[in-house]
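Naming follows writing order (A, B, C and D), and every chain is counted from residue 1.
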Amino acid sequence: MRTLKKFAKFDRFDFLTYPAVLFVFLLFTWMLVVYVTNSIPAFQREGWNVYFTNVWNASECPDKEYYGILAAIWGSLYTSIIALLVALPLSISYSIFVVDYAPKRLRGILEITSDIMAGLPTIIYGIWGAFFLVPFLKEWVMMPVYDYLSFIPIFSQKPVSGFSFFSAGVLLGIMITPFVSAVVREAYATIPHTYREAAYSLGLTRYEATKILVGYVKPAMISGTILGFGRAIGETVAVSLVVGNAFNVSADPFSPGYTISSLIATQYGNSFIYTHMTSVLYAAGLFLFLVGLVITLLGMYVLRRWKKNVSI
Amino acid sequence: MYQFDMRRIKEYSFLGVICILSFLMIFPLFHIIFTVFADGIGTLVSTGPVFITGTLDEGGIGPAILGTIILAFFASLIGIPIAFAVGVYAYEYPHSVIGKATTALLEITQEFPTILVGLFVTQILVLPMGTYSAIAGAFALAIILMPYVAVYTKEAMSQIPFTFREAAFSIGVPKVKTVFLIIAPIAKRGILTGLLISVAKVAGETAPLLFTAGGLYQTYPDSLTQPVGAIPLLIYTLVQSPSPADHAMAWGASLVLLLIFLAAFIPLRLSIKEVRL
Amino acid sequence: MFLYSSIVLLCAYIFYVEKIYIYDVNCEVEVKLMRTSWKVSRVAFALLIVVFIAAIFMWPHGAGATTIRTTGATFPQYQIQKWITEYQKNHTDVKIEYEGGGSGHGQETFLQGLTQIGRSDPPVTLDVWNRFISTGDQPFQFPEIVGAVVVSYNLPGISHLNLSQDTLGGIFIGSIEYWDNYRIARDNPGIHLPHQKIIVVHRSDASGTTDIFTTYLSLINRTWAKEVGSGKTVNWPTDKIGRGLAGNGNPGVVAILKQTKYSICYTELSYAINEKLSTAALENRDGNFVEPTEKTIRAAVSKVSSDIPPPNEGYRENISQLLNAPGNESYPIVAFTHLLVWKNINGKHYTKEEAIAIKEFLKWILTDGQKPENLTPGYVGLPRNVAEIGLKAASQIEVP
Amino acid sequence: MSKYAIEVENLNIYYGNNHVIKGINLKIPQKTVFAIMGPSGCGKSTMLRSFNRLLDLNKNARVTGSVRLFGRDIYAGDIDSVEVRREVGMVFQYPNPFPHLSIYDNIALGLKMNKLVKSAEELEGRIEWALKKAGLWEEVKHRLNDYPSGLSGGQRQRLVIARVIAMKPKVIMMDEPTANIDPVGSKKVEDLIFELKKDYTIVLVTHNPAQAARVSDYVAFIYLGELVETGETGKIFTAPGSKLTEKYLTGKLV
């Protein structure tokens, strides 16, 4: 009787939806399991050196094989940080402009444009990046910077091909701006009008008032930044077309490099003929997996805490 | 009267910077559209309708277009029902532990690097099957599609006023019918629009197809268990080729992809207040 | 499955209901959908679905044609694509899908059964060969065409450059730093060389071209053999002194070379021809500087009594047998590039149609395909006795 | 120098096509409490916002007529809205100290941005003075660096008042300052208004006639965007000149 009662509580609604929810959770767990189990051989063989060295000795003789994906990790972080440096000022300005200054019509156009940018197939960014952005940046940014600022150590090498951390970072920046600005814009638009009035009633100029209001949404901006970073670090095809794909740990933004996702995209295809490479690539994937997980959770946490706090 | 000159200068330069940066933010999109049109239209015009229907040898990307349609269709078939159920669940139980965990999971998977999904599907489907296949590609896309659809479903249903639920419950309609047959139909406009936007977004993905779909450009696909091509995948391959002819082809394919995307996306976007991508 | 279909039906129902009325005893709530604006998007949506389904069922299908897939090395890309085009002209029932990805990718997809014909520049190693065998089927490996690795450079205004063996080694090891180094000048009397640093462009992926080139460097330069060695990827000494650059695939290398003044790279001859790169004349075994041309490549092939193992023992082939060939006119970096197919024991890998189509295609490329009219610039046809090896393999493929 | 703090002449305000304030004339004497009362939604708050050009923030709003602040038309072309706002302080219906700034910074903000103080000592002195003046000093002097989220509604409102008086404005406008706080807090704020009128001109918007009667010297009654009546508080409350006013004061006008 008791079991029957329990079953009755579990009504038809749950009967329909639980399996789907369960499936999604299982899928996610399965994914994690696949990455962990497949990367174990790499850890057993090389330990943490997989993540902390920069070597890529692919050899058909298994004893000589040795891999360290430091270059890819470095490249992922470096390009994502450049991307944020590009995306943040753009997103913040855009949010302020759309919320405070744009006429209604223009506002609609700007919002739609931003949404199209968010949904645009990444490969289109990729082809544009490879054929337009890279040569453009080389000609108009890298060469002038080298010509005039080469006394700064990180710019001391002559930019050679244009395919570089910098190009990838700028392209990524353009790609993540709509995501970052969606978060910032939403937060900025929800500032109660009374704070706006308060700021202006104190005799502040638009610059000063905006500065105060931007301070008010700072946590939301941090959250947007974190989420944007997550997007940037996971992007694959567009980056692999412009980053240069070279194992290079260098602070020189104009030198070519690798990213984790690009490493997987370009090396997974020929990894099976080597004995140990596949596992290393899964270890790289696991790194990306965990970083993505942590970053998203962090971003969500910051945003939620802020939403709770400001609703005083 | 103008005693705060420095403040004024700061204010106006601030306004100028805001305007310029906002313009800079959207400028790339217009430049991209312009470049794709300028570089792609020549290929399209000189090849003519064969570009849409022909195989790669005939100078067309027909199999890729069909492949993208097949992938999107089957990804929807796999993903949407599951995602719909998950979205409804998250809507119904926003405060229970599993409900909260579901919402969090949806947000996490929305941000998840797509290449990892591709690699996962390769491991669980492609290697055991021993062949690239349309079904593997569609499954990879479905995994990416699901969180978007679920979130849209949830959001659209949350917009429906609570009174409808109360009204339904008060006349003794059971929960399952209330949610599926009353609330969901009321919210269907939002749900469907969100769903189509998600499909449009996912159909343009490349990374999850890299090691799953395989690519098929000389013939039209005729089986779900055989490799299939896709426009983004084809562009990715062609861009990496050295030959200018391939590049022209890539631009043409990009134009087709862009047109399909814009044609699907803009009307949908206009009929909905905000999107979450 | 039941759950799944019930959810599908629910979705369909939700799509079809137009009006819902809920009557409450106390307060009458009537829900009407906003039908006017909805109708438009509803029609659009239905239309979209119809287009979807129609596209899937009515699009010209590959029915009747057999599809064969070939994957791997980009070294013979231009040649393979030419063969495919020519072959399909007369064989409309067969479609051949070309996929690049490099020799490593070719070997891997072949092993996984993801492609029917694998392509690899260097012969498969014993280790990989054993993994092929462990699938329970017999792999065949045989040469398909002869190509040459050339050294290309980007020196504005200089259209001819001689490089001796010693100089070539010095440049790639990094001991020669500037273009006007005396060793280069000694090879090129009368040419004004710029005082610019040499930038070495190489491959970033696992590449058969790299394997061939580094094997050659190991043959001619002891320091190279000792400190760097050969393989599909090596640790380039120039990278460590900041004068190295990497490109993805032959195309990537060529693209970087074209964009970078004062750089030097190695690539396949057909890329140099198609992209109009300047190529260096290399010193051959007899001490002559030879340009890579059809004639000099043919000379190299004819001077070597190539020792190709039977196709079922492909791992025994020596990658360096065509390298540094003797003879006045012989170009020094010449190599076979190979195809991989299965014997198809018990129909393990190919269906009947596929097996027949593969046999026919291989026979064609090893006979008619080797005729000058079907070759693209930069490649040289196989000597008759070498082509025989492939023909033998093709004839042994089992049709289930 | 005019003897009136604010003179309003034929003021009209539109929101898009909506005529909100219709041809109002008002004279607000210096150093008094001038109450503007009327039922909710009659345009009181909108009118108040036109006195310090805060309506500029609303892109739909349009103002005609003139508002003279100590004889100077604030809508004249050469007038800087920033300076107007610095001279006219404003307290809002919702107690809105900035939640992300500390109590100290909330008061320091206007002073620093407008460069009203020359040194750190002066700033500190001014903040202490303002807080004392607002009767808040004793309650917050040990936690000046705390965020205002720890304060009660009445304390927050007095913090806002302190933020205003720290800048030593010529006029303080209050838009239903007690609408969102509890009775005890309201009482304190009303006492404070009484205190402040010694030094400042105070314009008080309220929908509560009793409050107007308690604290104001002059009162104006506005109904549906039109000025019904204005005059000394005592006079209006004892002998209203219009039926409408009488109805309102007796609570019969909704």
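One rule holds for everything that comes next: contacts are C-beta pairs under 8 Å (C-beta built on N, C-alpha and C of every residue); 3 or more make two chains touch, one makes a residue touch a chain.
Computed from a predicted structure; not experimentally measured.
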Exercise for the section: Would you mind naming the chains that touch subunit B and likewise touch subunit C? Expected result: A
Exercise for the section: Averaging each chain's C-alpha atoms to get its centre, pick out the one most distant from subunit A. Expected result: D
Handout entry: Averaged-CA centre spacing for the pair subunit D and subunit A, given as whole angstrom
Key = 48
Problem - Intercentroid distance (Cα basis), subunit D paired with subunit C, Å - result: 78
Practice task
Express in whole angstrom the distance between the two chain centres, defined as the mean CA positions of subunit A and subunit C.
Solution key: 32
Completion exercise
Averaging C-alpha coordinates per chain, one finds the centres of subunit B and subunit D separated by a number of Å equal to 52
Practice task
At least two other chains touched by the same residue of subunit A: list those residues.
Solution key: 16, 19-20, 205, 208, 269
Exercise for the section: At least two other chains touched by the same residue of subunit B: list those residues. Expected result: 4, 7, 81-82, 84-85, 180, 240
Handout entry: Where subunit C touches two or more other chains at once, by residue number
Key = 7, 10, 112, 248, 252, 255
Problem - Residues of subunit B that touch subunit C when the two form their complex - result: 53, 55, 57, 62, 66, 69-70, 72-73, 80-82, 84-85, 126-127, 130-132, 163-164, 167-168, 170-171, 173, 180-182, 184-186, 188-189, 191-193, 196, 214-222, 226-227, 237, 240-243, 267, 271
Handout entry: In the complex, subunit A residues that touch subunit C
Key = 16, 19-20, 56-62, 135, 138, 157, 160-163, 244-248, 256, 266-267, 269-275
Practice task
Quick one: which bits of subunit C touch subunit A in the complex? Just the residue numbers, please.
Solution key: 3, 6-7, 10, 101-105, 107-109, 111-112, 125, 127-128, 199, 204-206, 231-233, 235, 239, 242, 245-248, 252, 255-256, 259-260, 263
Exercise for the section: Over in the complex, which subunit A residues touch subunit D? Could you list them? Expected result: 103, 192, 194-205, 208, 212, 215-216, 218, 309-310, 312
Handout entry: subunit B to subunit A touching residues, read off their complex
Key = 4, 7-8, 10-11, 14-15, 17-22, 24-26, 28-29, 31-32, 35-36, 39, 81-86, 88-89, 92, 98, 101-102, 104-105, 107-109, 111-117, 119-120, 122-124, 143, 146, 150, 174-176, 179-180, 197, 200-201, 203-207, 210-211, 232, 235-236, 239-240, 247, 250-251, 254, 257-258, 261-262, 265-266, 269-270, 274-277
